[in-house]
Structure formats: structure tokens, C-alpha cells
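Both of the next two complexes hold chain A, though its partner changes from chain B to chain C.
Presenting the complex of A and B:
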């Protein structure tokens, strides 16, 4: 059975159509395996070869991968949620109720999005601290560490803007508390808060602004910096495995 | 050895020494410099991508299971006239909100987060102690005196502001440092591990420990008027 399937797959890979799509036949040799990576738009930012030691679970705990995968899950569930959501007061809250009582699997969809969001914040923090203890910020990885700090801030801001969207008491007061802190900024605190909320209080304008930031602006910024982040891992010579003293271990 | 290879079999060997792919001609007096210590490498496809796929499947399965069992919270419709007490920020900002309880808004809400972000950004450009030298390795006695002065100053500052939830984890990390200074070598794995740590390790560990304590306290131990409550007494969260 398995053999039949594998043979069918192997035959498929030899076909003209397959080769026209993937620009190669079966990845049997190191050359075609290299092609599978750098001949693919979505994989070409990865190195063709990786050090064996960086594949150990303890080297990374897959924290970076997990952060990215959570981001992908959030993008998919987020788009699905957008089909059922209006950024308006009080329709936003009614949409939450509809998700719970009307939409098929609406609760599950929202649960998945919310859970992945909380986990992504935790995973990004864990990723950063793990990289720090591993000495992964050391030359030549300095700039990629800075990109990582930017991605942490983008993640926090993504989560924060998403927090308002259900428009329940929890959302409203969390954003009120958070935005009050901004007004403590000297000189332009009040101005920044006004621009962020589109007014002096958390209201309809704030909901719309947070919606646009959450669904369009911040995801685009995140994708932009994630692309740089991945690409730089490869350009800076791949992950570095270091021993406990932070020295390079080949 | 004599296994018959079917035409679909790809094989997983990517060892260039066993399967040479390239021939290099070295002519006289132009010998190529060869790096002696190239670590063993494997091909990204399939070795890395296979592992990433497994990680992805495990993650999705775990997420789906939890999402089926645990519902995202939804409270009443937002009402600007009814202020919950306490009004809490998202969990990752509760450490900051806890700081707001002790320090003026500018210090806790703007100055400290800004300094933390700047500190994180400049980490790789401060090439102090790249070798990761243990903290008491050189000038141990002098460094220990400096550390005691810094710790006393910090403790005094935090006491003046009555920032107990910052002070306690700071004292605990300080106690570990004192322990690592006085513990005799070779007495066990844990003291030896502590003694081998560098300054940057201690600073980061202190920072993370304080941040975790503040976040946990802000999430579970704060009730009306930001007063201290015990989570098992039915309030908080």
C-alpha cells in the first residue's frame, strides 16, 4: 500500500507538469535538494545546509519556529474572524455574541485566535531570552538581534491592538489603562494618545484605528521584519551553537 | 550494501565525504586553504524542514485541543460609566502596572520601558566580557565590595518607594550572588554553576526574575484599589 503510494508519488515527480511547477525533478541528490531550497520563493531565505548541532532540540527549543508558526495561525484565523466582524460600536460586541451563538464553530475560531495570540507573546519573549543566554546576539548576529527586539515590540503592539476589538469591559478598560500611561510621556504624551485613540477617550474612533492597525498596518510591518530576520539568519552564517560559557562550539 | 535501490528512494545521506560531489584541482604553490574544523552539516531539505513540519503539527494539535476545552473570556458590553476595580491591562503589561503602583507614571510607564528597550537594543554592541568570564574570577574581593554597595543602594532606593515586590526578588538574586561568592568550589553542581556565571548572566537573570514576579503579582495578587489579595480567597485575575 505504502509502496504503491510512494511509487505513484515518485512517478508524479518525474512528470512534465511537476517539473514545470517546481523547476526540478525528485530531490534525490544534494544538488536537487539545494534547488528545493533556493529554487523555492518561500524557502530561499533558508540556508541550503545547516549545522547538525543546531538541529538539536536544546539548541533552539524551536522557539523561533513556534513564534512564526503561531503568527501564521493568527493570520489565518484572523482573516476568518474578519468575515464576521464590524469595527463599530456596539456592533463589534454583538459580533462576539454572534460568534458564540450563531456562527458555526465561531467560539472555536475565536478561542484559537486568542490562545495563539497569548502564546505568541510568551513564545517571542522565551525566544529572546533563550537567544540571549545562548549568546546568539554576538557578532555577526548583532543586527539580527536588534530586528528581533523590533519584532518583540511589534508583537506586543499587535496583541495590544487586538485586545480592544471584542469591545467588552475587559477590552475597554485594559486599553484605557494602557493609553493613560502614554499621556505620562513628557511634552507630547497627550498628543500621541490623541492620535492613537482618535480622540480623548477610548471610543468609536479608537476602535476603528486599532482595527486598522491590528489587521493591516502591524501585520505588514511584522511580515517585513520577519523576512529580514529570517534572511539575516542565513546571511550571518546560520545559527551558532555555543557552549555554556558562551563560546562558539563547532 | 547490495540493497536494490528503487527509483523512488532518495536516501538521507548528505555527507559530502561519503558522496563527493566536487573535484578540486590543486596545482603546485597555490594550495587551497582548507578549514580544518568544519562542523558536520546536513541538508536543510529534508532534515530541517521535516523537523519544522513535525513541530508545526504538534503545535496545531495542542492548540486545537486547548481551544476546544478553554473558552476565551467575554465580559459585558464596554461601558465607560462602570469602572471595574481593579481595571487591569493585558497580562504582559501587568508588570508595568505593578510598577505604576510604586513610581510616578512618567518613571514606571515611560522611563523604565524606554530604558529597557534601549538596553535590549545595545546589548550586542557592548562587547564587554565577550568571553563570559565568571563574575568573581578576577579581583573577586573588590568586585564583591562593589556588588554589595550596588545592592545596598538599590535596596535603599526600592525601600524609600516601598516597592516591595521589586525589592524581594532583588534581595533573593543578591543572596544567590553572595552564596556563589562564599560557597567552596567543588561542593556540588549548583554552587559551581552559579560561580561560573558572568556578570551579564546575573543582570539578565535578575531582570527576568523581577519581571516575572511583577507580572505574576499583578495578575493574581492584586485586587480592588490595587490592594494585595490572595488568589485562593476568590479575588484577582
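Presenting the complex of A and C:
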């Protein structure tokens, strides 16, 4: 069985279509393995090789990977939720209710999106604390630490904008309170609040603006900075693993 | 342009050291900068709505006879309390000065209470306790020509100003 599969795979690799996509033969040597990573759009910003000790659970607790996995879950479930959701008053609330009680598996997707969102905030914070206490912000990782801070803010803003979309009482008052906190900002507070809400009260304009921010603007910003974040891990020389006495172990 | 105008040919570059190429670069980048700033301003203007479909800030509150003596009446559409005392009428905002939640009149405690963070006010809007930084503002209340109360939420007045009817 396994041999039939391997034979089929080997035959597939000989086809013109396969070669036109992957261009290289099977990665049997370290050189061809590296080239396979370099030549792949989705892998080229990841390290070509990693030290085994950086893959240990205790090295990172996989907190960054967990954050990224949750982001992927949120992107997929979010797109699926968008097929049933109108960002309008009062339809938004009805659509949310429909997702919970009428649409097949809607309640599963909605709860998955909501739980993953809450877990992602927790995972990003845990990742940040872990990096901080391990000294991962120190040179040469300073820039990537700053990119990480931006990603934390994007995560929090995604969480905040998503909070309004169910258009229930909790959402309405949370955004009322949150936007009044923004207006406490010196000098620009009132203008930022007006622009964010598209008016003076949390209404139709605010719902539409939060929807566009939540579904388009912020995810694009997040993907952009996540790409830089991953790429810089490699460019800054990979993870720094420390001994129990806190020294670098390279 | 004569042949000798080209930089590097016969010392035609200006004495302050700005070559023609640098000059044109500066012009081009300045134009680009102005265009970028201009688009930012235009985009900001685009994102600021000119017409808002929000409740009007000036509204009629009906005949004074609707409000019995020594009562606080909450107008949910406008988020305003109309208070009638022996001295007359005044209008107090129902929006908490802390973070904008709508407060509730509690007649049994003779207080205005905010459900969000526990601020409490008297019927005059004076803060009793809680995180609210300011008292609830009083709005201008007037009588229209046909004898109805009118409240203007954009005009705040001193708490001592009371409409006598």
C-alpha cells in the first residue's frame, strides 16, 4: 500500500505540471532541502534550519505558534461568519441570532470564533510575557520586540472592533464606554472618537466602520506585521535558547 | 538650453552648490510630499460624515402640565431628565459624565444612579459618589410660543437657572 502510494508520488513528481510548480526534484540533500524552502513564497521567510533545542516545549511553549494558529482559525471562521452577517442596524443582531439558532453549525462557528478570539488575546499576552522574562527583547531582537508590541495592539484592536458586531446590549455599552475612554486622550481624543464612530453616538456608522476595520483593515495590518515578525526571527539569528543559569546557549 | 548649461560643463552650476539634478529632485519630492499630505487631508475629510442621522439635540418635551410637581421624568429618546420642583423646571443630562452610560432615576433613594461603574447623583445632577469626574450638566430649557417645553442639549446652563412657568 505504502509502496503504491510512493510510486504514485514518484510518478507525479515526474509530470510536467509538478515540475512547473515546484521546479526542483525531491529534496534529498541538505542543499536541495534549503533550496525548497528558499524557493517557496510561504516558507522563504522562515528559517531554513533550526536547532533541535529551539523546538523543545520549554524553549517557547509554542506560544507564538499558538497565537498564529488561533489567528488562522479566526480568519477562517471569520470569513465563514461574514457569509451570513450584514453590518446594519438592526439586521446585525438578527443575523447573530440566526447564526446561533437557525444556520447549520452556525453556533459552532460563532463560538469557535469568539473563544479563539479570547484565547488569542491570552496567548499573545503569554507569548509577550515569556519573551520578556526570557530576555528575548534584547539585542539583536529589539526591532522584532517592537513589531510584537504592534501585533499586540492590533490583536487588542481586533478584539475591540469585533466586540461591537453582535449589536447586543453588551456590545453597545462596551463600545460606548470604550469610545469615551478614547475621547479622554489629550488634544485629539474627541476627533478620534468622532472618526472612529462616524458620528457622536454609537450607531449605524459606527457599526459599519467597526465591521470594515475588523474584517479588512486590521487583518491586513496583522498579516503584514506577522510576516515581518516571522522573517525577523530568522534574520536576527533564530531563537536564543538560554541555559538554566540564564546564559545563551548557541 | 545652450550646450554650456549642462552641469559639469564649464562651471555653470550655481555658486551655492545646488546642482540642476538636486534642484529637480527637490521639486519632485516636494510635489510628491504635497500630494501625499493633500490626499491624507482629503481622506480625513472624506471619513468625517457631513450628514448624521442622529437624534436631534433640540427637542420639544410637551406641555408643562405633563410633569407633576416635585418629580423627575426620564425621556428615553433624548436621554434627559426633566425635573419639576417648587421653583420651576430644569433639564439634567442622563448621560453619566464618567464614560457615557445612561443613568437611571431611583425614586426610592431620591438619586440618579449609573449602572456601569456606580456613580450616584442628586436630582440636581450633583455627584454624591463614584468615579464620575463632573456633575451631570443642565441643559437650557425654554417655553415655546405655543406653551411647550423645549430642551436644547447643546446649550448647558448653570444649575441655578430654572424655568419658571
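We adopt the following convention: the second predicted complex is superposed on the first by the 239 of 250 C-alpha atoms of A that agree within 3 Å, B and C clash if a C-alpha of one lies under 4 Å from a C-alpha of the other, contacts with A are read in each partner's own complex, and residues count from 1 in each chain.
Simple rule for what comes next: a residue touches a chain if its C-beta (ideal position, glycine included) is under 8 Å from a C-beta of that chain, and two chains touch if they have at least 3 such contacts.
The structure displayed is predicted, hence computed values, not measured ones.
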Chain B versus chain C as contact partner of A:204, first or second or both or neither: second
Contacts of A:25 with chain B and chain C, given as first, second, both or neither: neither
Touching partner for A:181 - first (chain B), second (chain C), both, neither: both
Residue contacts on chain A - larger count, chain B or chain C: B
Chain B versus chain C as contact partner of A:73, first or second or both or neither: first
Partner chain(s) touched by A:195 [first = chain B, second = chain C, both, neither]: second
Touching partner for A:173 - first (chain B), second (chain C), both, neither: both
Contacts of A:52 with chain B and chain C, given as first, second, both or neither: first
Which of chain B and chain C A:160 touches, first, second, both or neither: first
Common interface residues of chain A - those touching chain B in one complex and chain C in the other: 173, 176-177, 180-181, 201
Touching residues on chain C, where the partner in the complex is chain A: 44, 47-49, 52-55, 98-101, 116
For the chain A and chain B complex, residues of the former touching the latter: 6-7, 9-10, 26-31, 33-34, 36-37, 43, 46-53, 55, 62, 65-66, 69-70, 73, 89-90, 93, 96-97, 100, 107-108, 110-116, 118-119, 121, 125, 128-129, 132-133, 135, 137-139, 141-143, 145-146, 149, 152-153, 156, 159-160, 163, 166-174, 176-178, 180-182, 184-186, 189, 201-202, 244-247, 250
List of chain B residues in touch with chain A within their complex: 6-8, 10-11, 14, 16, 19, 21, 37-49, 51-52, 55-56, 59-60, 63-64, 66-68, 70-80, 82-84, 87-93, 96-97, 100, 104-106, 108-110, 117, 120-121, 123-125, 127, 130-132, 196, 198, 201, 204, 208
Chain C partner contacts - residues on chain A that touch it in the complex: 173, 176-177, 179-181, 194-195, 198-201, 203-205
